Structures are given as C-alpha cells and as structure tokens.
Amino acid sequence: MPHIQITWIEGRTTEQKRTLVTKLTDLMVQEASAKPESVTIAFVDVPAESYASNGMLVADKRKQK
Amino acid sequence: MPHIQITWIEGRTTEQKRTLVTKLTDLMVQEASAKPESVTIAFVDVPAESYASNGMLVADKRKQK
Amino acid sequence: MPHIQITWIEGRTTEQKRTLVTKLTDLMVQEASAKPESVTIAFVDVPAESYASNGMLVADKRKQK
Amino acid sequence: MPHIQITWIEGRTTEQKRTLVTKLTDLMVQEASAKPESVTIAFVDVPAESYASNGMLVADKRKQK
Amino acid sequence: MPHIQITWIEGRTTEQKRTLVTKLTDLMVQEASAKPESVTIAFVDVPAESYASNGMLVADKRKQK
Amino acid sequence: MPHIQITWIEGRTTEQKRTLVTKLTDLMVQEASAKPESVTIAFVDVPAESYASNGMLVADKRKQK
C-alpha cells in the first residue's frame, strides 16, 4: 500500500531507477511490513529550473559553482 | 474541491483524457457531492522507466512479455 | 499503473469512498486501458480550513452562506 | 490552473492559512498570469514524526535543541 | 519544512519561476515561521491537454476563446 | 533535491519512520548522487478506508481475511 512519489531533478539513468526501485521495495517490505506487490513508485523528473530550495532555483545554484 | 492528481504511464491520447475528465467530474458530482467547477484534474505523464510496482520498472515488465 | 491521489475536504463516508473506488477503477479500465490490479487510489482528507480556491478558504466560503 | 499542494508540519493556525491563501493567490496572479478562480491550494498537515530532511525526523531535530 | 508542489500548465519562463521561488520562500518565512533553507519548491509542468477543471480540458477551453 | 512523498496506511510507528528516513536518505545518496541535506521525506498517513487497489478499499480487503 505505500505509493512512493519521488520528485527530483531529471537526469538519473534507467539503471539508477531500476536499482532504486529494487532497494526501495525491499526497504518497505523489511521496515514497514508492506507486501512487495503493493508498493508502487513513481519518479517525477523536473528540470533544474523547476526545483528550488532556500529561495533559489537549483539551476541558479549550479551556475554559481 | 477535490483535486485529482493522476500519475500514470505516458501514452494516453487527448481523446482518452477528454473522456476521463468528463466522466471523472460527473462521478465526483454524483458520488461525492462536489460542484463541477470545483473539480480540478491533473494528469502527470511519466515514462515506463519511471513507474514501478512489485520491485520492477514497468519498462522491464513490458520487455518480459 | 495509474495512481490516483484525491485531495479533498474531509467528511465523505466510507460508503462514498467504496463506490468511488469501484467506479474509478472501472473508468480507468474502460477508458485508459489500465489493469484493475494496477490502479491504486488514495484519498487525502483535509479540513475545510486547509483547502482554498479563488483566494479564500473553503471554511470561510461556507461561513458566508 | 495552478494547484498548489503544501505538505508541512501541523500546527499553523487557520489565520496563518487564511493569510497565506490570499497572498499565494495574488502571487500567482501577478507573477504567473493565473486567474484567481483557477488557483487551488491544499495544505497537507503532517506530524513532526512524519517529516524529515538530512536523514532525520523533524521531531528528533526538535528534541536535540 | 514546507514542500510546495505546484502543478500547472507548462509555459511559464525560468524568470517567472525564479521570481516566484524568491517570493514564495519569503512568504513561508514571514507568514508560516519556516526557515528559508527548509522550504523546497517543485514546479510540475503539464500540457494544457493534461489539466482540467469543471469537466473540461484547459486545451479545449482555450480553443473555445 | 529529491522530495519523497510516501502515502500509506496509518499505523507505522515513529521508530519505523526513523529507520526508513535514515535508510531512504542513504539510498538516495548512494544510488542517485543526492546530497543528504537536500533529501526531504514526508509520510502521508491515511486510514485503511482511504486507500484502495484493484477496485477495493484496503479496509474491506482486511475484513475478508
């Protein structure tokens, strides 16, 4: 029954998502007594211009580096 | 007042979304006493590599078929 | 694969939710070629003081009536 | 058309939410050319035990102070 | 600690998002006693065919004008 | 920058959430090159009457057992 919605900056590979999905599902089974078939996961990719923290777009933080 | 956010695999047509929006709004009016003008609906399309259930990406499940 | 998250004002009964879940799932199967077992639905109930449209809390709109 | 979903720690007053709703809606109208009647806002209150950053629950951070 | 997720029709510029992020963060600090570094904001852009209110897609409303 | 929103059935303990937050954050750092301080996590607890899959409320599935 957990639905896990991950909103993050675009760019992670399918391989990273594949690994995360396996490990996230295992984590929910081990730590939250979920059944694996009930764990749904969605990755919502957004550009760096569409995510912000501390009053600044991630895209602008990256330019400062 | 309901906001309905539907996260699903990309690929549904505008026609499918149009039909769903009409029927979803009717459903909220009939079954949940909502006013039609207060029902907002957003479809968040994600690729098959960004959605998973039962520890596996939908993209990988499709390859297995 | 659709996850449907409905954020709305608290107060709908379990019976209303039961009916909506049946009809929403049917709708996704008929109109969006989803498999019923892949349709997950979550109702996020919030008080009328925590939902707003057109610049006004629903709780305040109700007081105006 | 913007739906703004704010997930935060419970405890803000209705008066704070009232003020935020007015100012958020004005902001969307002024900066994002939205129509006020199309701006919907939902506050999802969660306890401090249900929110975390930097690997720690907010509830535990508060105990450390 | 507030996470603000704004789902809206695609098309707003980075400059609009930059201004909104600054003002939204200030608003959370002033009105909701949040720390700026704890305010995270994500813009989820969707096409006009993927957003609806009052039973109609925004894309169809725009055609009516 | 990932915001992880987990919508699930209420009842998990603070201890379970504490463990999950630590392991989820580590996972994002190891597998998705996230900085720990940028990982935010929110658990949205809903009653079993407010979550459904395969056309049935979790509360009703539990009664069938």
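We call the chains A, B, C, D, E and F, going by the order they appear; numbering starts again at 1 in every chain.
Please note the rule applied: a contact is a pair of C-beta atoms (placed from the backbone, for glycine too) under 8 Å apart; a residue touches a chain by one contact, two chains touch by 3 or more.
Predicted model only: the values in this text are computed from it and were never measured.
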{"item": "Distance-maximising chain from subunit F - centres being C-alpha averages", "value": "E"}
{"item": "Equivalent interface to B-D, taken from A-C, A-F or A-E so that over half of the residue contact pairs match", "value": "A-C"}
{"item": "Longest centre-to-centre distance from subunit C, chain (CA-based)", "value": "A"}
{"item": "Result of counting contacting C-beta pairs for E-F and A-F, higher pair", "value": "A-F"}
{"item": "Centre distance in Å when subunit D and subunit E are each reduced to the mean of their C-alpha atoms", "value": "12"}
{"item": "Distance between chain centroids, defined by C-alpha means - subunit B, subunit E (Å)", "value": "20"}
{"item": "Numbers and ranges of subunit B residues touching at least 2 other chains", "value": "1, 3, 5, 7, 40, 42, 44, 51, 53"}
{"item": "Overall pattern in which the protein chains touch one another (line/ring/star/complete/other)", "value": "other"}
{"item": "Chains touching one another, given as label pairs in label order", "value": "A-B, A-C, A-E, A-F, B-C, B-D, B-E, C-D, C-F, D-E, D-F, E-F"}
{"item": "Residues of subunit A touching subunit B in the complex", "value": "5, 14, 17-18, 21-22, 25-26, 36-37, 39-45"}
{"item": "Residues on subunit D engaged by subunit E in the complex (per definition of touch)", "value": "1-9, 12, 16, 19-20, 23-24, 27-28, 31-32, 34, 38, 51, 53, 58"}
{"item": "Residue ranges of subunit E in contact with subunit F within the complex", "value": "1, 3, 5, 40, 42"}
{"item": "Of all residues in subunit C, those that touch subunit D in their complex", "value": "7, 44, 46, 49-57, 59-60"}
